[in-house]
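Encoded as structure tokens, the structure appears first; notes follow it.
Read from first to last, the chains carry the letters A, B, C and D; within each, the first residue is number 1.
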């Protein structure tokens, strides 16, 4: 894996390896292998998986819908913010869309960094922020044949962390 | 610029389901803002009751009520998001 | 993977899947596959890897020495504490010993949980605590032929988190 | 119990290197504690200068200075640990 900048420095930003919304099956192991060069002492992979129950109801399927074009931009933006805030060296993030059955992987967030703390911080930041502003929705389908769109967060205009940008009349 | 222009508002999640379409077409006055767009959506017979907690994206960015919408802008209503 | 307790409850403790010190090569992907049953919405795998530099010096090799019998007990104990504190459902932790070259994996910590927060908390707890009290040492070997045992933490007697146990005359 | 008994103290990391062995043998008085053991180690010609920040493990648990060491206990000096 190629790196940018000093080979033996503490900060070797490799950047955003992948930031995508996809209908393909996800595999955290793939990013675990791809991320990290020889100056990275820590790699963390988070997999979000579809659970077979929620709030006491049996879940048979989760359907994810996304504003695909915007979602990829938002994932890219969140990843860059996480790198800038924490000094982590590389991030890969993938969110699956379509119909998923338990225990399919719906989300993979992978981070590499020189040390463990920036790796944890970047990983948590990406997940918290994507829950806040990734234009993506899920409908749970239950064993009794009913289904429900799950409530979530209202994204804030201009809420782009360190990189707040306004537009229009302001 | 004067007069009215068409805006194709993209729908997602529950909105798409209740409207039965992935887009609604509205007409905005020249110089119209996100707030004006929200006003038109509130008057929509089906969507009107389902705008609580929604954001508006213009050209793939979340925009404040004061932002102006221009001809050709890509506009979408974003219901509360729930990724992960 | 078998689980203990309620299949659809929020807390289904599966326990400590593995807690070992080993001379074999480590692979986080293996634990990523093993951990998590259909009630777990989050799986995190942390890999600690040998870096090719430290404090400005080029590292060619890291030699890990352990008090093997005790180390396995300590990993087991830390893992149980993490499960009890966070409500995570399963943990696997492996530390490699012997001579490792960059970017070999020296440590794998894998956690599954119903939700992401307990997964992160348990993962961080295991790593922080093992750095505090796992009887294991590392000697860095540098490009110039010199080597050095790295300084670390002094383990505290009775420092066993929630499960503090005394012995002897007290 | 009275008299003295042998204690085989396991060494690790730098200790093993400087002593050139994985064990040192000491004799402890019956009823002797971890503190007594530390006293004997401090008098060791090689180890004496390398005990800063070390813990003592008895039967694979870190023990306080007051803890009594008994015949047959598994004893080890634990230099500052550095896992990860």
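Keep this in mind: a residue touches a chain if its C-beta (ideal position, glycine included) is under 8 Å from a C-beta of that chain, and two chains touch if they have at least 3 such contacts.
Every value quoted in this text rests on a predicted model; they were computed, and no experiment measured them.
*Asks:* Once the contact rule is applied, which chains count as partners of both chain B and chain D?
*Replies:* Joint contacts: the list comes back empty.
*Asks:* So how far apart, in whole Å, are chain A and chain C when each is placed at the average of its C-alpha atoms?
*Replies:* Each chain's C-alpha centroid was found; their separation is 24 Å.
*Asks:* If you average the CA atoms of chain A and of chain D, how many Å lie between those two points?
*Replies:* 49
*Asks:* For chain B, give me the residues that contact two or more of the other chains.
*Replies:* 84
*Asks:* Give me the residue numbers in chain A that touch at least two other chains, ranges are fine.
*Replies:* 48, 116, 127
*Asks:* Each pair of chains that touch: what are they?
*Replies:* Pairwise, the chains that meet the contact rule are A-B, A-C, C-D.
*Asks:* In the complex, go through chain D and note every residue touching chain C.
*Replies:* These residues of chain D touch chain C: 10, 12-14, 16-17, 33-34, 53-58, 60-64, 66-68, 76, 78-84.
*Asks:* Going by the contact rule set out above, which residues of chain C touch chain A in the complex?
*Replies:* 8, 28-29, 32-33, 36-53, 56, 58, 102-103, 114, 116, 119-120, 123-124, 127
*Asks:* If you look only at chain C, which of its residues touch chain D in the complex?
*Replies:* 48, 65-67, 69-70, 73, 95, 106-107, 127, 130-139, 149-159, 165-170
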